[in-house]
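Heads up, there are several structures right after this.
Both of the next two complexes hold subunit A, though its partner changes from subunit B to subunit C.
And then the complex of A and B:
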């Protein structure tokens, strides 16, 4: 028998009912949580935005650079550069000869000239004293004495002039050789300068045409057909334009052969140097010369097989940027955007800074953490924090106003001339910037290293003492090794600060865009350099928005960004991996 | 009479003297750092103080004294010979003086005097617009950074449970701290100035600087929040308060002083950085003061002069000589003074706070 379904008794309403405000289905507390959570993501978002916007502005660089390199090839600039390289290598060899001459003169005259100079100084002093006395005591001076003193000065001057003349006379054969050698390249030089004009003209034509095209496109976009038609566009026929250039190849080959023959002839009769110590260099010159001559067929082959239509591979623009050794902008010939000179500059400045800052920072951290009295700690720690608060632009100004001159004066002190690179003449160079950057890196290194030392458990120290180790043994063998991972990461973070520092290097590094000459060893460290951060700060304000130069600067920024991330990553990794486990 | 040798005195040994030498090396390192810092401070202090001290002038209106270096806009300096004397004058004074002299000569029936002057830009007048600009930049960017930073820290310390997302956020904060300031400048230029089309403006500078200093503020805030004992939260929760009530009433009030004082160090950083504002907010020269705008919205979209950028300009774009070094050192001194004051305040407040809250 079917029964009526029993309906459940109606639920009584709760006596107390809490009304919850809901936003989008979330309670108030959940909303607040979501709000804070959203804020916490800003860091992630900013990091992502930095990457996106650097890429957005910078990535078009590769396309534009490819166009630029393609034009470099199509307009025949590349072709001319093959010849130019040959010419420039010859010039470098000539310069090598001059360098030998300079050394020879110095070698021959240094000792006798020094003697002559001393004699001259003594004679002048005597003369001056006589004249001075004459002024003081009236005409009581013996005129004979005066005359003899004058004669002595004249003789000393003549002696030093003779020494120089003698040296030059001895080098006459060498000068003749160098002169003839330097003249051998003249035919090539003439050709190159002629062809340079041709290539530049082609490039100019192409650029004007491109501008016209752009103008026309703008007119068309604005709907002004009549004006658009009026813009004259004549496509550059590269083949026809290049004909005179390429047609010159046989002539060039002939000229080059003539030059090679002339060089061989000149080089076959090397002069004997009056200074035997320099024979070594002369031999080196001969070897270099032989090497240079051997490169002739290669250049010829390049010229003969050169094809203006050969496409530029896309990867070339990338490698050209990362490994390019030239950063050359606003030139009439060809702009190159290679990051290597800037990177090397940044690296050199950082190396100097760390070389100074690591011993100071870590040493101070060990001292303050392990030896210093509480009073000393209370004094030194805030003082170093204070140093970290000095704005970098003030330090840069200090470098320009004081430190640059002070370092230069220091380098000219006779007693310090054994230091490589001393004396130097550039006030602003890598060393000046490095010293100031060291002051920026020290507080970072000090604070983090001190933290690391502080984190070493007390038991380590106590155990060491219990085994009878002295205080110094405990510190150097136990505490420092135990905190080494922290110290290393402190140094890395210091490096990160130094590499990213802008104002000091912009003001004090000298801003010369060239890879320093490392053949001189440590003297390279007192040459002016330019850095990645410096070039962005210096050139960003002056470039055309959207142009290739502008994009290149963003690419440099991107490189800098990734370097900073890498350093950070390494620092964290080292701390995590090599931390001494405290068990 | 000789004192007898102490038989218990430690004998000099090789290891002991070695120890002494090492200790000496470490101590020297410490003091070299301090000396270098003191040298920079001292040089700028010594040569900068006269610029400010010599610029005091009395006026006819209240407060009867003013400082031309601190409270005037920069001008060009003119140096010229007049009646056998070398005179130096700012742009405005020079013009008035020249006209007066010419009028005087005309009245006396003489040919007008010839003025041969050499001019040095920015070397006369003062740095008032730069000070104003820097203060505006600092206040705006710190407001943004404190808001974002404190909210982030509250989430990370109060709400979040350790997990991949939180670890990811922490990683991002750490990495953000290592990004070079010039990269922030480029980023601000690309995003705010170009993409959002704010041009070179206060607003662009505020956000750029705020993002740069964000990691500092977050870390500082988190530390202050962590310092509030757990019992405060548990007591409140046990009484039936919600999470937000607990945070608002029982955590934030105790953490806030700490957050603010540690963030002062962030202020020093914001005030001191030049690279991020070079392309986003700073003008080389601007005649109007920031509040001198037609409509209120223009206030946010104007570039300003700023002290660090002004130092860069006067130390790199004009030659170094006796006439220019005055303004160079003066600006550097005022700037360093402001930053040093902020840093000192932060250190003092922090020490006070440490002794006040002892849980």
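And then the complex of A and C:
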């Protein structure tokens, strides 16, 4: 039977249009999605803006620094500084001599003076007891005894005075030598002081002139031509102004030669020290002195070839910042913006902080993760994590009021005097700040290290136990190595936390802008320092916006920014590199 | 009648149980488990287990998940000590007559004698060489020549030497799954234990790697007593001399593997080995 063709049923549209409420052409879902997306990208935009701002404000530093250095040269400050350096080196040598003397006196008198002091103390005590008895029990005290006690005290005092006098007498020859040596530089000192005034005057003139130019430009911009014309501008003719300065070169050379001759003469008759133990130092002095004398021709050459027009290479403005050893602002002479002292300060407090925080944080993490009972975990974990909740300004306050005081008191304990740097007198120093920063770093290091330990697969631990390893062997040979990348990155992030911390270092580091004296070894760690974060916080409020100082602070901020970037990058890289091997 | 009934059981259709060289030889008892009750906290996991395991033989523990076979295995080298709240309420385990849970038995020494291979291969994130000698390192062995010898002997013992001899100092994690498991076996035999416990050693391996490990078990039997927990009945049939069937924490049946699979004495065993439950 042939089938009849069947007409297909009418097709219904499959997609069903639904009216949706729309807002700005978006459905509700799309609006919410846009909101979330916007939030996510705000972070990126803000980061970009901050970076751009930092770079923009910081990069202008180089131009201004170049101007500053150029003026330093043109106004003759550089020229005078050559001479000044020579003078200061001499002063340093003189100080070295005084240091030798101080040691000599100490060496000669320490033991006998101690004896005399003991005798005096004993006598004083006896005298005090006698007088006390006299007050308590009336005039029954033997007056003869009283008199003899008084005599003993007086004798002891006289003895110690004599010891000192003897020591000084023995050093008379040395004093004479030191005095004569110190005087040799006087002619140069006079010259430098004269020329300083000249150079400062030129600089002053130039600055005033620049201000006048700016004033006129402002008038012109405001359309006030008459006032603009009234502003007097006299271009500084550096060549003419510098003439008296440069003209002095031959005189200076002559003077310097005189000084050199005088020094040679004085140094040729060195005194014999009454303390043989210090002969080494005296030899060292002679060597330093010879070195100093050898630098004379070099200075001469510098002065003679000095040219105020010699352009300042652009790279100098950069190296002057990165490797500059001086951060000197608002000085009458010349401002220097060298980041090294601040960088070294930041580095030192960070090193101290990590030195304390790494064993504390990692050790605590291993204990809590591997040994602690549930009860201990419940107690310790929140406690450590709570430390990070303490505002750093409170920690800083604690550092000033308690820790600094306590550390200083500790340093003055006789039994601890073998520790380098002890005793110290500065309450606020790198050590105090470092200890507090350690407290800040511990929660970061602890939490991340604990996580890393936790991520070690349980099967490693079981395998190790099944091979007959003890708990300690398992921890040291399997668990810690397997989580080492996590621990290292925890330490790095702790370092990032520490290097960016501001309040604590501002309050507790002592804020002295100078590279600590590393010749004393570890004693450098108890000297006051200033840090990169601290200087920004301290000076940013006071500087003129757009000025060179302001820009310099931004440059410091940029350095910090790069350090933080580097640390985070390394931490992530380490984690990523080793995560594969565990998983 | 006897032969026909053997061939008519469902199990016999599923498995060929090969005869072995050790068949018929009398084995010595090495491990004795007596009236053993074991608890996780308040929950009892093992009920009155009585079992005698033979020396230099392979014993398989089979049973459905959660039946206690792994728990019993881990009791043999006291790995359960690492889990909080476990306790033995009654009975004990004796190896060569020594109660392993006695107070004067050091669990660390015990584990040197009773090694273990785990379900998931777990080489340390170290080189192949370091993985093998880990057990000796922690015992303080530093003699390079001796360590080298042990590495070669153990890797040969685990049938891995030819595959890795040129890259001993590469990471053990770079090996394939089957190689990793054999590395774990090499690591275990490097400390020369008497007993090797294997907790589902092939469950994460493909059939070829499984075949290699099973071959290895035959070889290892000459030197070691092996106790293997497995979910694969074929594997139990192929590898073991004796089989113990556990169900709900109780030992249901323990006999020669041939008997268990061809002629089980207990209906539950028969149901399990023939695949009707479990």
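In this section, the second predicted complex is superposed on the first by the 543 of 583 C-alpha atoms of A that agree within 3 Å, B and C clash if a C-alpha of one lies under 4 Å from a C-alpha of the other, contacts with A are read in each partner's own complex, and residues count from 1 in each chain.
By our rule, a residue touches a chain if its C-beta (ideal position, glycine included) is under 8 Å from a C-beta of that chain, and two chains touch if they have at least 3 such contacts.
For clarity, every value in this text was computed on a predicted model and none was experimentally measured.
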Answer with first, second, both or neither: which of subunit B and subunit C does A:470 touch in the superposed model? both
Quick check for you: in the superposed arrangement, does A:220 touch first (subunit B), second (subunit C), both or neither? neither
When the two structures are overlaid on chain A, which partner does A:493 contact: first (subunit B), second (subunit C), both, or neither? first
Could you look at A:514 and tell me whether it touches subunit B, subunit C, both or neither (first, second, both, neither)? neither
After lining up the shared chain so the two structures overlap, which partner does A:208 touch, if you call subunit B first and subunit C second: first, second, both or neither? neither
Partner chain in contact with A:481 - subunit B first, subunit C second, else both or neither: second
Partner chain in contact with A:457 - subunit B first, subunit C second, else both or neither: second
Contacts of A:503 with subunit B and subunit C, given as first, second, both or neither: first
In subunit A, both subunit B and subunit C touch residues 470
Write out the stretch or stretches of subunit C touching subunit A in their complex. 77, 79, 82, 108-109, 111-112, 115-116, 118, 120, 122-126, 134-135, 137-139, 171, 173, 184, 187-188, 191
Would you tell me which residues of subunit A are touching subunit C in their complex? 457, 459-470, 473, 477-478, 481-482, 581-582
State the interface residues of subunit A toward subunit B in the complex, per the touch definition above. 28-29, 32-33, 35-37, 39-44, 46-47, 49-50, 53-54, 56-57, 359-361, 363-364, 366-368, 371-372, 380, 382-387, 389-398, 400-402, 439, 442, 446, 470-472, 476, 493, 496, 499-503, 506-507, 533, 536-537, 540-541, 545, 553-554, 557, 560-561, 564-565, 567-569, 572
Taking the touch rule as given, give the residues of subunit B at its contact with subunit A in the complex, in rising order. 15, 18-19, 22-23, 25-30, 32-34, 36-37, 40-41, 43-44, 148, 151-152, 154-156, 158-160, 168-169, 172-187, 189-191, 194-195, 211, 214-215, 218, 242-244, 265, 268, 271-275, 278-279, 308-309, 311-312, 315-316, 320, 325, 328-329, 332, 335-336, 339-340, 342-344, 347
